[in-house]
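Inspection log for the structure reproduced underneath, given as structure tokens.
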């Protein structure tokens, strides 16, 4: 079972699906939707099967496949999964069917081609899986950039109809930021290649495993290359000074787009940090760690504060993500396996919680047509189910114990605490702010008297929408109570990553402790 | 080498002296009786007009002729040295020059057929 | 004086020995030359109707024939025709490239269903714009068949340009390739004034730059007492020569060649000429001339001035940076799509120079590969531009393109793809090409240059993306342009270009191998 | 007679030509300036030919003359076409193409 | 075609030894120059009277008979008279150029004669020298160059007059001279092939055994071209009185007018001298066995002058006999007959010469190629009827096209879609062909 080329299949299925959907005539909208849903479900099944086939105790990449692609540049089609990438692939595979369902009518609403919309979604899925699966730096870069294009069109073409200018502004901003970062990364990628071709007799290579194990880079070069990668990932994630595209893109995306954007796409940034930056450039990582940590903490507060001030719900959610990414970065650069594990888990959890938040906000907005917080009030009376889901998502977002985020946030903070006591304490204060923005949002929109008579006409969640939110709610609560399966997968990978660079935890039993503490809360 | 040009310069000097001298002498010895009609340009019995300025001053044919001349003059530039060195260039030179002339001839045929040589 | 008399004395005794010429190795050029002459004869003797049919076929057959000849020659590495011409890997590679682009350009020029009657070229260029005859010409079914022989002549010059091993031959080739282009630039059926203006600017600036080139050749002769590239190279570094001549020669030849590739600060003709020329010709120029000029540039700098690499590298750096920045930044301000593509061509020239700055065989390979990728993409892009039309000709203003993505999604999608390729997004040929040159540059210790190049790519991406925004994210205009859907030939070009853009992005290996084979053997000397 | 003097003369002519191209506005004058540049190159070539005692320079001058003539033909055709349209040969009047 | 080619063309086997010329003392150079100058002036004065007398005889009139013995000083008297006339410069003229033009047209006419060999080596006051002012290795090129400069005089005179007739006249003459110069150059090529040199003295020497008049087509070509070059009847179109009043010299008076005349007659003498040198063996006696002793000393001068006078008589004879051509006929003759014939003849001569010299090796194939190409070219050229028919057909087609494009005739909107659909531009997927910008849309 585990020898099956899971990853390749998982790449081919959505790619082919995307092509098929794209070729459908514009009339057959329903068929497109069904086909897209079917394809995304197949991918989900595949992802689950792959996860089942994954052996967490084996070191290195599994399901690996390697074929020569561009011999001249030492590029190969090389995929593989370790614990970190597997959970993220799983997240992507999970979110896509959710998004397909959630955006069932989205494209119709903006009077655009429906097949194209779903084709873009599936193309995006291909890119997302590819970027996590790639074990060739070049291939990673290719997916990293290729992923932008469908997202760009999703924002530009399927964003809010009436805000044409802002929409295309957001799309362009998104694309250019990412592209710019990507190009810097390209320089670093080429730099890696050139170094490898100078060091290896067999010529240059992009193979991640080879580079990681055999490439010797002087600290100064490391710093440069690290910056190349780091800026790309920091933009992608986004970390504090590079974040300005996110609120725009988040607000102007269609709901499905926003979910995938914040839920998965941005994870590529943090994933890249832990996958590429740290193992490839350990010295530079260490050198820059204080800076990154500082940025992370700033991000936590900055995101939270701005979120509090937002009146646009989607922007608000986007800003909360900024804060969350601060936590993830914090965990990643604390260099303890506990914090690292927490960060990776946080990536998944954030995908779920913020994804759900976006979905719910999207539902609300699609009903009322306004993203303004002030336009709502007392919705809990009108749409109790929606309000309930909203509350769960919000609580997960502020990492209330019992929800999934709590486990990861806790791990991150504990892990950080062992290394950087002060930072951990400061970051903890960020949680308070998180509580403020989420509860404010909930309070203003859901509780209190119904603000406008028109709001009374708003319908509660439909069956389709319930189907959308149900698995997410289940996962939020389920993972909050029992995160062990994921942690089992993540921890060995993170530990080995940090061990590779000579970072072992102060407390050797930390992974076990983390698992237990997660399990008990 | 340049000595062989000295006689030419001498002849040139003599000719120039003669020409310039004649013009000067003629202006000195000739009568000068002003009459407005004299300094007008020539017209056949009607009031002369200043030369009309504008793009249609010359028929375009003249330009075409000038361009054609340039083309053929260049051909001749190459023909002369070739002809002088003909014996040592032998058959290679013949082949090269025949192809060269054939090329020019193609252009020439085109020009003829397209009416480049017509004066209407 | 004494030197002269010895010459005379020698001349008296010396018998001229005819050089031996390997005609087979020159066959691509000879074939094209013959085809061009045949084309002229056809134009002279065939009736107009037959000309319309014969000329494109003849030109196309010529290009294909010459391409076959190039393929047959693939193993040749030699210097022939008394040192005038070098047949080697880079030569043949570039010749093949040029021929492919030329064949595609023939398709574009031969397209006759774009305008209501003829193709994109005016039937009679001499008619004064605005006059009655000129208005008539816009719709007359007459076509300009002289364009084909002119193109073939131009391509002949291009082939010779990349093959010339002698600066004088290079100069002659430069003129052979340029002169027909000057004329072709002025042949647009619509917007005659713009077209004529483009022709004049192209001509004046082109002649200006070739004068510089020539002056450089003269100094090379003064320095090395020969203009053969190999002998110039031999002379470089020997003592007792006047180095001033050498540096002057390098600078002046550089100016001439930089002009041809459209590198800043000698780029100013590019936007005007690209905009004013008939679009098929623009496509031809953008692809073909660039290859030819780069071929010559590489040959001169690698072979003749290879020994003074450390002297010209900084120059290449400076020019590359300036070119990229100028191209990218000025493109941002453009409202006209053809102009924008022109500035993008400038920027791409800068990227190519980045590859050259590595000054190694990787750079050669990268540049050659890049030229192929860029050529296909840009030709297809111009072809698409020629398809979107209003009643007044091409809708080249960006504002007219609003919502084209909605009304004709396939074409706009292809165009978007091409633009993304120009921007260098992965899975397009633009990316692999950029990768190839940047890799060479980093390998050749030009990392800062690559960083600048990347920043410029990012800036450049902005204006490509802007077009996509206009096409896809705006509502169609009520009186917007129409996308012509009948023209098979143009579609074929677009299709081939887009397909190659995709293929070279996904499986570049075969072409890279080819470029590698060509580049590793290097320039013969 | 120092041959270098001819080089200096040629350089001056070339500079005058180049300046003319850049400064003058009449297309024909610009064009003539370019021809001046080409001819100064001829002078340079012939001078070098004499300095080196080889014939190549003179042969090159032939080629240059031919090319210059071909340029004249093409250039005049283009300039004439514009001249007939606009009734002006000023480069400044030809300004539809910008930015 | 000027002096830059000196070195290249210097190296030739056929060049005569010119050392006797280059070591001439300056007094001898001056003497010879003055003699040449005087010779030309005298020839001019003589030719004018001679022409008038001969034409008069041909027309059965008396001709000039007042001044000097039997009227032979008539032209001198005319010259003096013109010198004393008022010198008028039109108000609209460009004065400096107007004055310069006649000088420019006359001086090169004198200078061209420097390269004409009058005779072989002689002794003048004990100094051995050639009867020739200068012998350049590129003599013929020098002749062509010097003769061509005269055109500037004509052009500038017409241009600077500020008047229509002179302008047209000067244009005509310029077009005429450059047109026939091509044929003239082609005619020389055959001579060079056989002589192997560009030096005039060398060419004369090479005609020791036989004159190049045997290259008959070239000779004929040259004779025709030289008449065209000198603007003489029947090719005197620049001065066509009926159309252009006086041609380029309409506005000229006094000595400046005389200079144009002077230039014309000196040119006549010069081209005749060239013809003599290149085709009639120059100072060589006719290749008749008995005359072979007369090719040294001062005798050859007689041969030379005799041949020259024969040409001058020929010019006058033409004037007395032939009417003037129409301009288009004249140009067509030059471009459509002389040039192709010249080219083909050059090919033929070259092929023949190559055949003569290299018949041993595998050259016949190439020679045959040359002949075939030549024949093909003749066929290609001699088909004026077809050309004309084709052009007329095209013309007709163009006219049809020009009459067509009114708004009504253009399928706009296209027949397939409705106007509204097409106008809206929403008619995607249709096969619209955009018509021209119908209506008064401004171009560009």
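First chain written, first letter: the chains are A, B, C, D and E, and each begins at residue 1.
Rule of thumb we're sticking to: a residue touches a chain if its C-beta (ideal position, glycine included) is under 8 Å from a C-beta of that chain, and two chains touch if they have at least 3 such contacts.
On a predicted model such as this, the values are computed, not experimentally measured, just so you know.
Trainee: Which chain maximises the distance between its CA centroid and that of subunit B?
Mentor: That would be chain A.
Trainee: From the centre of subunit E, which other chain's Cα mean sits the farthest off?
Mentor: A
Trainee: Averaging the CA atoms per chain, pick out the one whose centre lands closest to the mean of every protein CA shown.
Mentor: Looking at where each chain's C-alpha mean falls, the closest to the middle is C.
Trainee: When I count C-beta pairs in contact, which pair ends up with more: A-C or C-D?
Mentor: C-D
Trainee: In whole angstrom, how far does the Cα centroid of subunit A sit from the Cα centroid of subunit D?
Mentor: 64
Trainee: From the mean C-alpha coordinate of subunit B to that of subunit E, what's the distance rounded to whole Å?
Mentor: Chain centres of subunit B and subunit E, defined by C-alpha means, are spaced 8 Å apart.
Trainee: What's the distance between the Cα centroids of subunit B and subunit D, rounded to whole Å?
Mentor: 20
Trainee: Just how far, in Å, is the C-alpha centre of subunit B from the one of subunit A?
Mentor: Chain centres of subunit A and subunit B, defined by C-alpha means, are spaced 81 Å apart.
Trainee: Quick one: which residues in subunit D touch 2 or more of the other chains?
Mentor: Only 49-50, 55, 62, 70, 77, 84, 96 qualify.
Trainee: If a residue has to touch 2 or more other chains to count, which residues of subunit E qualify?
Mentor: If we look for residues of subunit E contacting two or more partner chains, we find 5, 7-8, 12, 390, 444.
Trainee: Flag every residue of subunit D that touches subunit C in the complex, lowest number first.
Mentor: For subunit D paired with subunit C, touching residues are 7, 14, 17-18, 21, 27, 30-31, 34, 37-38, 40-41, 44-45, 48-57, 60, 63-64, 67, 70-71, 74-75, 77-79, 81-82, 84-85, 91, 94-99.
Trainee: Tell me, which parts of subunit B touch subunit E in their complex?
Mentor: For this pair, the touching residues of subunit B are 1, 3-8, 10-12, 14-16, 18-20, 22-23, 25-27, 29-33, 38-42, 44, 48, 50-51, 57-58, 61-62, 65-66, 68-69, 72-73, 76-77, 79-81, 83-87, 90-91, 94-95, 97-98, 101-102, 104-105, 108-109, 112-115, 117-120.
Trainee: Within their complex, state which residues of subunit B touch subunit D.
Mentor: For this pair, the touching residues of subunit B are 54-55, 60, 63, 66-67, 70-71, 73-74, 77-78.
Trainee: Using the touch rule from the top, collect the residues of subunit C that touch subunit B in their complex.
Mentor: Listed in rising order, the residues of subunit C that touch subunit B are 1, 4-5, 15-16, 18-19, 37, 40-41, 43-45, 126.
Trainee: Considering the complex alone, what residue numbers of subunit C touch subunit D?
Mentor: The touching residues are 3-4, 6-7, 125-126, 128-130, 168, 171-172, 175, 179, 182-183, 186, 192-194, 196-201, 203-204, 207-208, 210-212, 214-215, 217-219, 221-222, 225-227, 271-272, 275-276, 333-334, 339.
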